[in-house]
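Before anything else, here is the set of structures, which you'll find just below.
Shared chain: chain A. Partners: chain B in the first complex, chain C in the second.
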Partner chain A sequence: MPTLKIDEKEITVEKGTTIIRAAEKLGISIPYYCWHPGLSIAGNCRMCLVEVEKMPKPQISCHIQCQDGMVVHTQTETVKKLRQHVLEFLLVNHPLDCPVCDQAGECWLQDYYMKHGLYESRLDENKVKKSAKAVPIGPTIMLDSERCILCSRCVRFSDEITKTGEFGIFNRGDHSEIGIYPDRELNNKYSGNEADICPVGALTDRDFRFKCRVWYLKKTDSVCPGCARGCNITIEANLERPQHGSGERVMRLKPRFNDDVNDWWMCDAGRYGYKFIDHDRIMEPAYRKDGQLKTLDWNEAVAGFLTIFRAMTAQSKEKIAVLLSPQMTNEELYLAKRLFVAELGIKKVLLVGTNPDGDQDELLIRSDKHPNRKGAEYLGLIEEKSSVIKVLNEAEKGDLKALLVFGQDLVSLYPDQKVDHLLQQLSLSAFIGSNHNFTSEQAQWIFPAATYAEKDGTCTNFEGRVQRIQKALPPLGEPKPESEILMLLAERLGFHWPYQSQEEIFNELSRSAPQFKGLTYQKIGKEGIKV
Partner chain B sequence: MEKLISRFFEIQKANTLSVYLEEDGYEVAKRALREMKPEDIESEVKRSNLRGLGGAGFNCGMKWSFVPRNTGKPIYLVVNADEGEPGTFKDKYILEKVPHLLLEGMILAAFAVGIHKAYIYIRGEYELPFLRLQEAVEAAYAKGFLGKNIFGSGFDLEVVIHRGAGAYICGEETGLLESLEGKKGFPRLKPPFPAIVGLFGCPTVINNVETLSYIPFIIKRGSEWFAKLGTERNGGMRLFSVSGQVKKPGVYELPLGISLREIIYTHAGGIRGDLKLKAVVPGGLSAAILKADEIDVKMDFDSLKAAGTMGGSGGVVVMDEAMSMVEALRVTMQFFAHESCGQCSPCREGTGWIDRILNRIINGKGRPQDLDNLLDIGAYLGGTTICALADGAQMAFLSYLRKFRSEFEEFIRKGSYAHA
Partner chain C sequence: MIRTKTVKRPELNLWEKLYFPEVFRGVLLTSKHFFKNLTLHAFHAIGLFRKIAAAVTIQYPEQLWKLPGRSRTRHRLTKREDGSPRCVACMMCETVCPARCIYIVAEEHPDPNIEKRPKSFDIDLGKCVYCGFCVEACPEDAIRMDTKILDIAAYSREEMKLDMNELLNPTIAKAISAKP
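Right after this comes the complex of A and B.
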């Protein structure tokens, strides 16, 4: 364990720790471009040079490992001059097209120029012309090689993380350009990360390009609901300038570092899977009769629904089935169980959410496309297809009167059971969910729910890690989070529930389900906790 | 003065095995493999003060001693025959005229370090040297001088020739290794050094053609004799490639302590047309240029370093009074800009930027502030990059500007050749 001094501060680090990492631990930030903690060390940008006593030349802090007794200086005049000159070199052939560059505002050239550059330009020469200007290199990424600083992060990502090897550096000297090998395309399942790791505007995200300037984005930590991995993400939304990005609110998702879950990465399916938040939403409660849909306000809808439902719970509760979803949060599942099982005594409370087959890899992607199957399991809800089919067969035979479906598209999941007809024929059918699907098209009562981006709560990933999702936006239109819908039903049914927040629900849940014992939102924190 | 390597340059068909054998070729290796211990060869080479003659000038035996012998991995010998330093053509002579001497040196080096596989990375443009080398390797294999059980000694050495594709940077030893592995010739971050992690991740000895070619002489006649030929810490002799405006350009094998003046005036016949000497590049294009009044310097690595330049590859480029330093520097910097691999920001952008400024000046559009800007840009060009290309470019560049500043100033003022 070497002990060294960086800018007069002493630190002891693990053997093999690089200077830049040790400095980070001390809160000393050393600028860098090519270094990325998730990739191999290239050492080419030369931005992280520092002075080390007894070493004749400045050293790159991303590569040099700490030695006992080392004395490092990161703020000397020499170091400052070196940074300034590296920046000047990097900008010699950079187009400085910031006003029309989508990276502006999160560009490391801009940021470091303001922090470490601030020199007068003395460039009188023409710039070297590069070949690729706004060239799509795959479905997700646009290449602008004149903006590239040749840090080789993209090359290393495709070589080392996805191992797909699409990128290379072509030509030599200041004619070097990054690019895709001939007859290849950047179309791997993690291609969006290339835009994240590009420190400049050379690789931009085709989905996000020109939708919104980054400084208008409101960022909220959350968890991707796309599969059972639960990659940590940031939801980036534009709420103040609705005229941008054709009125959509969520502009993009970005991965958020969590070395226990997703490192720095996320898959493209998750990254671009946010469109449902602002599209095809169920905006208002509604009632369908004889094929006619009538929109209602929440009071009317709940009252109308409960008139029938209340009577059923009194007379024939064995003929009611409630189908919950592993898309729901722990809190929502807990409340649903409390209402339907504990308070009302309904037996047929089942979990629905079938997995598509295949599509799992070594990196992040899980074949289970539901974020909270493990949480449901901990709350005693395990999906059994046979039980669901049994319930649907009973409905077919007229032995079931009411079917309440949370979120899942039952019609598509059980094509042989003719669910669309059942939903119409039953005495009572309801769909509680955020977006239109075949099930919502047939159900008699429709209650619009918030998406994950519009509510708080927790999910439990496939490894048993409990993680928090947080409200990034208000619900679009009239939807309410499922927990609020459940609380509203409970209240109108005469139950007195005390919850003021999701946290209070969680605290109660953690006392009742052994896996969650002792957990609090505070303990879960930003990175989640494995149970 | 006695000639060692260059003695063979004058023998007809010394490139053939039969002639080489007539000159007692392979006798040293044969005897060493039968009678000597590997560690004795290594210590002989170390004591001989043989320096790396590719350009870095590192003690050859010392370099061998860094190689770990018991890692369980194979150790490789890589011969750097990618002679690309402008003004240097001595390896070409060895490869063309006496390739068996290199092979004999390789056998001795391989035996000393415990190596059974060697690669010769030869410059792509070297057509005849390649053909002669290939012929030599085939002939040596046929005679049992390479391959399994060399000379019946039980020692094996396989030799593979690999042709480069025309990049100067592939002569940088780690760029060479990358290229040899089939990758783009990007020099590697160090540490680890190739002695520990080299070719295919294994310990590797990389030596220049000329360096290896001196080893048979050292083993034959002893380290003490060889060391005494040179100066205190620079053993033996080296091949100086002399070009430019001299009467007799060529390769001259001379002791390391010889003065530059003697090389130019005694051996290369002085300046063509009996013009005045203006400047000399003493060790390949990457070395700092010397003015006419600096040529009494001794041509060993240490003396040249003390004089602010370097021994480098031994490429001596002589310029007479008619030479424009502005044009000479422009050509020099064009070379570095063209050959920078493009990895490190200062080298990639700096060499190209300087090249464009010099071109503007040559085109008569220089500005008074250009010189100070150039000096400042040059100050940050080298010393901070992965390999030594930028260091060489910087050393050469700054030396022209500093030593011939008034010529540059005058050129910028007049907008045309100052000497005309």
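Right after this comes the complex of A and C.
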């Protein structure tokens, strides 16, 4: 355990820790481009030079390991001058592209120039032009080698993390440039991360390209609902300038560092899977009669639905089925269980979310495409395909009277069961969900629900880690979060529920479900907690 | 601690206290202007001394006030040599605008060396405060406020909006609808 001094501050670190890591622990920031905590050390940008006493030359702090008795200086005049010169070198062939560059605003060249550069340009020569600008190198990434500073992060990412090896550095000297090997395409499942790790505007996201400027974005911490991994993300939305992004509000998703879940990465399916938040939404409650859809306000819709539902709960409870979804949060599943099982005594409350045979890999992607199956399991809701099929068969025979479906599309999940007729045969069918699908097209009563970006709550990933999702935007149109819909139903049915917020629901849940015992939103925090 | 400075009221001297001399001086000044204007207008009527203005009042709109060279007036977008807008839709003006009256939508430019261009560029003159920040923020000298157009009026808020075509060609006067 070497003990060393950085800028007069003493620290003891694990053997093998690099100076840049030790400085980070002390809260001393050393600028860097090529170093990335998730990748191997290349040491080629030279931005992180520091002075180490008794060493003849300045050293790169990303590579030099801490030794006992080392004395490091990061703020001397020499170091400051070195940073300035290194930056000047990196910017020698960099174009003055900032106005059209999507990276502007979150560009490390801009940031470090303002922090460490601030020199007068001395370049009289013409810049060395690299090959074509704005080349799409795959479905997700645009390459502009002119802007590249050759940090080689992208090369190391494709070599070490995805192990696909699409990237290489070609040519020599100041003609060298980053590129894709001939006949290759950047189409791996994690290609979007290349735009994240690129510290400059050389690799930019094609999906985000020119949609809006990064400083317009409002960032909210959340969790990706794309699969059971529950990658930590930030939802970046543009709420104040609706002219951008052709009416979409969520502009992009970015991974958020969490070394217990997703490190620095997220997969492309999750990254670009946000479109449903602003497209194909169910905007207001509606009632369908003889194929005619009539939009209603919440009061009318709930009242109309409950007059039939109330009569049914009184007469034939066994003929009602409720299909919940592992897309719902812990709080919503808890409330649904409380309302339908505890308060109303309905037996057939099932979980539906059949696993489409999704792909899975060792890095992040899980075959289960639902974010909260584990949470449902902890609340006593385990999906059994046979019992769902049994319920659907009963419905076909006419033994079932009412079916309430939360979120999921039965038609695509159970294509063999002829659900489209089936929903029409029932005397009461309701769909509570955010987006249009085959089931919502068939159901009699439609209640619009908020998407994960529009509500608070918690989800439990496949390892049993409880993580928080947070409201990033107001619901589009009239939708309410499922929990509010359930509370509204409960209130109209005459139950007095005391909840004021999702947190209160969770507190009650943590008292009743043993796995969640003792948990609070404070304890879950930003990074989640494993139960 | 705020210091207060007491200002003494000017007191009338003996000459002013006599009252009538000062009243006569005022009448003389007014009469001077009256007779000057009367004479000049009479000369103007027969076509003499037209270059000397008869009264301070400007006969707007036949006669226009000469604007100072750097005054900020209605915006225009400058053009490249081929006539396309210089604007690259960097959103600097949109960002800096304190009135939020600029609305730009960006799109891909067919030439990858330009890369980005505005698909639409609207300014809501009903909101604009003529601060000139957009001109200062522009890195491409694509927006200027030198059209010398100040008489902007419309019957509805919608008509106060200028689109890219109108901004590129300031000679197109916005047709004001005949009736409100």
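By definition in this document, the second predicted complex is superposed on the first by the 529 of 531 C-alpha atoms of A that agree within 3 Å, B and C clash if a C-alpha of one lies under 4 Å from a C-alpha of the other, contacts with A are read in each partner's own complex, and residues count from 1 in each chain.
In the analysis below, a residue touches a chain if its C-beta (ideal position, glycine included) is under 8 Å from a C-beta of that chain, and two chains touch if they have at least 3 such contacts.
Just so we're clear, the structure is a prediction, and the values are computed from it rather than from any experiment.
Q: In the superposed arrangement, which partner chain does A:Trp215 touch: chain B (first), chain C (second), both, or neither?
A: second
Q: Is A:Arg373 touching anything from chain B or chain C once the two structures are fitted on A? First, second, both or neither.
A: Neither partner.
Q: Tell me which of chain B and chain C touches more residues of chain A.
A: B
Q: Which partner does A:Pro99 reach: the first (chain B), the second (chain C), both, or neither?
A: The second partner, chain C, only.
Q: Which partner chains sit in contact with A:Lys455 here, chain B, chain C, both or neither? Use first/second/both/neither.
A: A:Lys455 contacts neither chain B nor chain C.
Q: Would you sort A:His244 into first (chain B), second (chain C), both or neither based on which partner it touches?
A: second
Q: Is A:Arg338 touching anything from chain B or chain C once the two structures are fitted on A? First, second, both or neither.
A: neither
Q: A:Val128 contacts which: chain B (first), chain C (second), both, neither?
A: A:Val128: touches chain B, not chain C.
Q: Taking the complex as given, what residues does chain C use to touch chain A?
A: 88-92, 94-95, 103-108, 112-116, 139-140
Q: Help me check something: in the complex, which residues belonging to chain A touch chain B?
A: Of all residues in chain A, those touching chain B are 41-47, 49, 57-58, 63, 81-82, 85-86, 89-90, 92-93, 122-126, 128, 149-150, 152, 168-169, 171-176.
Q: In the complex of these two chains, what residues of chain A are touching chain C?
A: Per the stated touch rule, the residues are 97-100, 104, 132-134, 209-213, 215-216, 241, 243-244.
Q: Enumerate the contact residues on chain B facing chain A in the complex.
A: 167, 169, 184, 189, 337-346, 348-353, 356-357, 360, 367, 369, 373, 377, 380, 383-386
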